[in-house]
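Here come two complexes built around chain A, the first alongside chain B, the second alongside chain C.
So, the complex of A and B:
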């Protein structure tokens, strides 16, 4: 519909992913993820082509699931385990920010190598999908607290969602709703698991799982 | 002698307006804190008061200590001459003045650090080392931002990079220009020692960066440094304002009014940021600058992927 605004929204998604790497307060991490998902749920309206039931359903489900329900579950889990901050993790904040910038560059390079059968509706779409995917992966492997790792998984999923918009016309709605159900159940279970970890070990630091506890 | 008025108007704005900016920031902060705040012209009164006083020089200092404030003011003034104010053209423009602009900043930083070391005080040495560390990081971000603008406008002159020519760039490369604006705003806060980085109003030696370097300056020297700092904030702010104002009118007075309005808006935004944020811990400052660098490099990547 409007390629200029589509580009801006995609840039906002990547920037919010980069900012996630630089934050260590868990409340802000969850809020920033919700903002990223909010922008993500606007994207189906900005693509060219007619506005069908498929598109509206996708946007609405994304909005309710990722902007409202999942952040609620995460906040509930945070309240129960009573943690406020994540430790900077494996790399430290500056290094992970620079790695994030490097991954953005890498994803632009990768997407320029990619040969597609038809041209995507915006040339920023694939690079930003790759960047979000990689940054989510970085968040997942570099942080130590279980909740941040869940958010990393969700950011990765946002990247996959962007990538799946390429195949928008050929994917049935049922398949996408199935993916959403999977994410919902996954996050729900992770919330419960985090609580159990807290009850069992008195912390949710996954880097200490390898230490024996008698 | 064809258009003397725009040039004179520019000189008037560039010389008289900078101290107001600090007054507006102080007023905004006072408004948020529920206080009355200092007068709008307080900085001018401070500068005038300092020029009437004598200077005290420590016997350990050399000529570098006395030259540094003069060079600071002179270099900042030359950089205001290079910078277009919104749609008001810059009096001096040539191919490559971007590099002179960055070079002037580097020159002042170099001399201020030398002057701080010249006093032989350990406090000033500490401030100098902090200033050197953070400014060499922020220079990377500054250069990346300028590279984005150079690629977009295919020209090496500040007046072409900014100043009313950016309208088509805003349509073609909106995302990267937004990133440049955010990143440049962060650099502006770092360079001018504003709050998330450094608090210009505190005098707690352990945490301050810029203030600790000028502790030993007094009298007219301090007045020069204060005025130079106003000019620096004004120059970097007018960079942002010119970037954000991609239109121009035929009448220079309207152009000047629009530009001054944008600068006042920018000062209010800085005041809001200052009153809503706490100062970062010193070891988090580098993360803050890294964010600016990453945003600028992201903007560069987008521009490169579009144009190549």
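So, the complex of A and C:
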């Protein structure tokens, strides 16, 4: 509908991903992830072309799954494991933020190398998809708490979702729903495992998972 | 027929969560796997027609992978009742339920003709096995489950991204079904296809456990109960192998073989090399088997990278490896229940304490390391001859060198376990050998042995046809 608004929303997604790198309170991390997903669920409405059932279904499923259900599961897990903060982990906050900025630059460079046969509906779509993906991966590998790692995985999935929008007309809805289902079940199982980890170890610091070696 | 073979394990899985007692669940598991096996057998005679406008179809790659898994699953379902009986006070609800759902998603993997649907099915196999790895509920098992879930999910997410890149590359095509992509490969956009090939190789390579994405594998296989290890290493790795087969088929038809070849050769050789050195002096029996699985995955990918006779060898090796690894993991299940330990130091005198299991242990050692007359020997030989035919003498040399290190490492460990006297701490009252725990071993061992002596003509035809599709 409106390319300016679309670009603004994409910028919000990338900025929120960078902010995730700078936060250590787990509650805020989950909330910010929910906000990012909320913006993500608006994007199908801002794209060109007629507003079909397919598009509305995609937006609604994204909304219910990533804005309501998954954050609820994560909050449930946090309550059970009684942790509030995640240490900045491998790199520390400032280096993480710097790396985040570097990754955004890298994404723009990468997407300038790849040409599409048809021009996408926004020039920012591919770079922001790459940025979100990379930052999610950075969050996943640099943090130590299990819940933050799950959020990192989900941010990665958000980046992949942006790529999926490029393929809107060729990807059948059923397959997309299958993908959502897998993410949902994955997070559900991770939530349960986090809970088990807490009962077993009295912490959810995966950096102390060093018994299995060799 | 396709709907039947998908619906059967799904309904069975749902029923298994509802049934009240162990015995009824065991019978259900056995019946479903037997009917599944018989229907898959009938597919060899009468191929089912495709359904859902071509989304689900059984091609020659699919039928090989499906048959391997169905047969392996049948052996595990035979083995399971006696295994659960020895885990005092444990219900088999989780086992039976998740295993049947796993059978469903593995069937779906081999039937999917759409890359997206294929991805969904592969991811669901990862999720369904997580509760099974955590069966012993120890701290270590939990740690292994966490690593397995996180690393495999990330790997699979990269594969999803690769799938999207493939779709972007094929944006001028009407549909994304595999045979459509192969037939109209000239319309693919090459830069996106290359990017997609890399992401798919890394993503599905993680699922397969190739070096350097293998780090979850020793942990997960090490902590999983024996029968689950058998399914993980014999069955689940094959769904990633299927992904590689399809990837090669697509790259061949788009004339990008030379781009993919070095990637496969490097992944293959690195996996064999790292696995070989990690096996030397390995103190945990199941971890040893996990590294052996990494080594065999390396051999499979190396065979695919070499091409020519390597395709036939690789497909044949996938079959041999599945059954020999299934055999040795079930043997390890027997040994674990006898000694309640997986440490090699604590296990001695298996031949004395349980002579049949000990005998199978020795046989499995030969089968896994590729000693004649087992089928693994011939498939490894085919891959070697493919390397020699391609004049890759350096590759052939290192291949043989690492395989001999593997043989030394495995033979050293297993012979130490088999010979000698059982330790004093050994529990006299623990499990004795029963038919239920030996018959599946005989079945799997027999298959690998037979494949070494004689390859039935229908299998030979199917392997030739499949390697022909790959360009061999």
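By our rule, the second predicted complex is superposed on the first by the 210 of 214 C-alpha atoms of A that agree within 3 Å, B and C clash if a C-alpha of one lies under 4 Å from a C-alpha of the other, contacts with A are read in each partner's own complex, and residues count from 1 in each chain.
We adopt the following convention: contacts are C-beta pairs under 8 Å (C-beta built on N, C-alpha and C of every residue); 3 or more make two chains touch, one makes a residue touch a chain.
Worth saying up front: this structure is predicted, and the values here are computed from it rather than measured.
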*Report clash or fit for the pair chain B and chain C bound to chain A in the combined superposed model.*
fit
*For A:190, decide between first (touching chain B), second (touching chain C), both and neither.*
second
*In the overlay, answer first, second, both or neither for which of chain B and chain C A:105 touches.*
first
*Touching A:93 in the superposition: chain B (first), chain C (second), both, neither?*
first
_For A:171 in the superposed arrangement: first (chain B), second (chain C), both or neither?_
second
*Angle at chain A, chain B to chain C, CA centres, as a multiple of 10°?*
150
*Compare chain B and chain C by how many residues of chain A each one touches, and report the one with more.*
C
*Give one of first, second, both or neither to describe whether A:10 is in contact with chain B, with chain C, with both, or with none.*
first
*Could you tell me if A:53 is touching chain B, chain C, both of them or neither one (first, second, both, neither)?*
neither
*Check whether A:18 is in contact with chain B, with chain C, with both or with neither, and answer first, second, both or neither.*
first
*Rounded to the nearest angstrom, what is the minimum C-alpha distance from chain B to chain C in the superposition?*
21
*Under the contact definition given at the top, report the residues of chain A touching chain B in one complex and chain C in the other.*
none
_Quick check: in the complex, which residue numbers of chain B touch chain A?_
171, 174-176, 178-179, 182, 284, 286-287, 290-291, 293-295, 297-298, 301-302, 304-306
_chain C-facing residues of chain A, complex_ = 113-118, 133, 137, 140, 146, 149, 153, 156-157, 160, 163-164, 166-167, 170-172, 174-176, 178-179, 181-182, 185-186, 189-190, 193, 196-197, 200-201, 206, 209, 211-212, 214
*Using the touch rule from the top, collect the residues of chain A that touch chain B in their complex.*
4, 7-8, 10-11, 14-15, 18-19, 22, 93-94, 97-98, 100-101, 104-105, 108, 112, 123-124, 127
*Of all residues in chain C, which touch chain A in the complex?*
114, 116-117, 119-120, 123-124, 127, 130-131, 134, 137, 139-140, 142-147, 149-150, 153-154, 157, 160-161, 164-165, 167-168, 170-172, 175-176, 189, 191-192, 195, 218-219, 222-223, 278, 282-283, 287
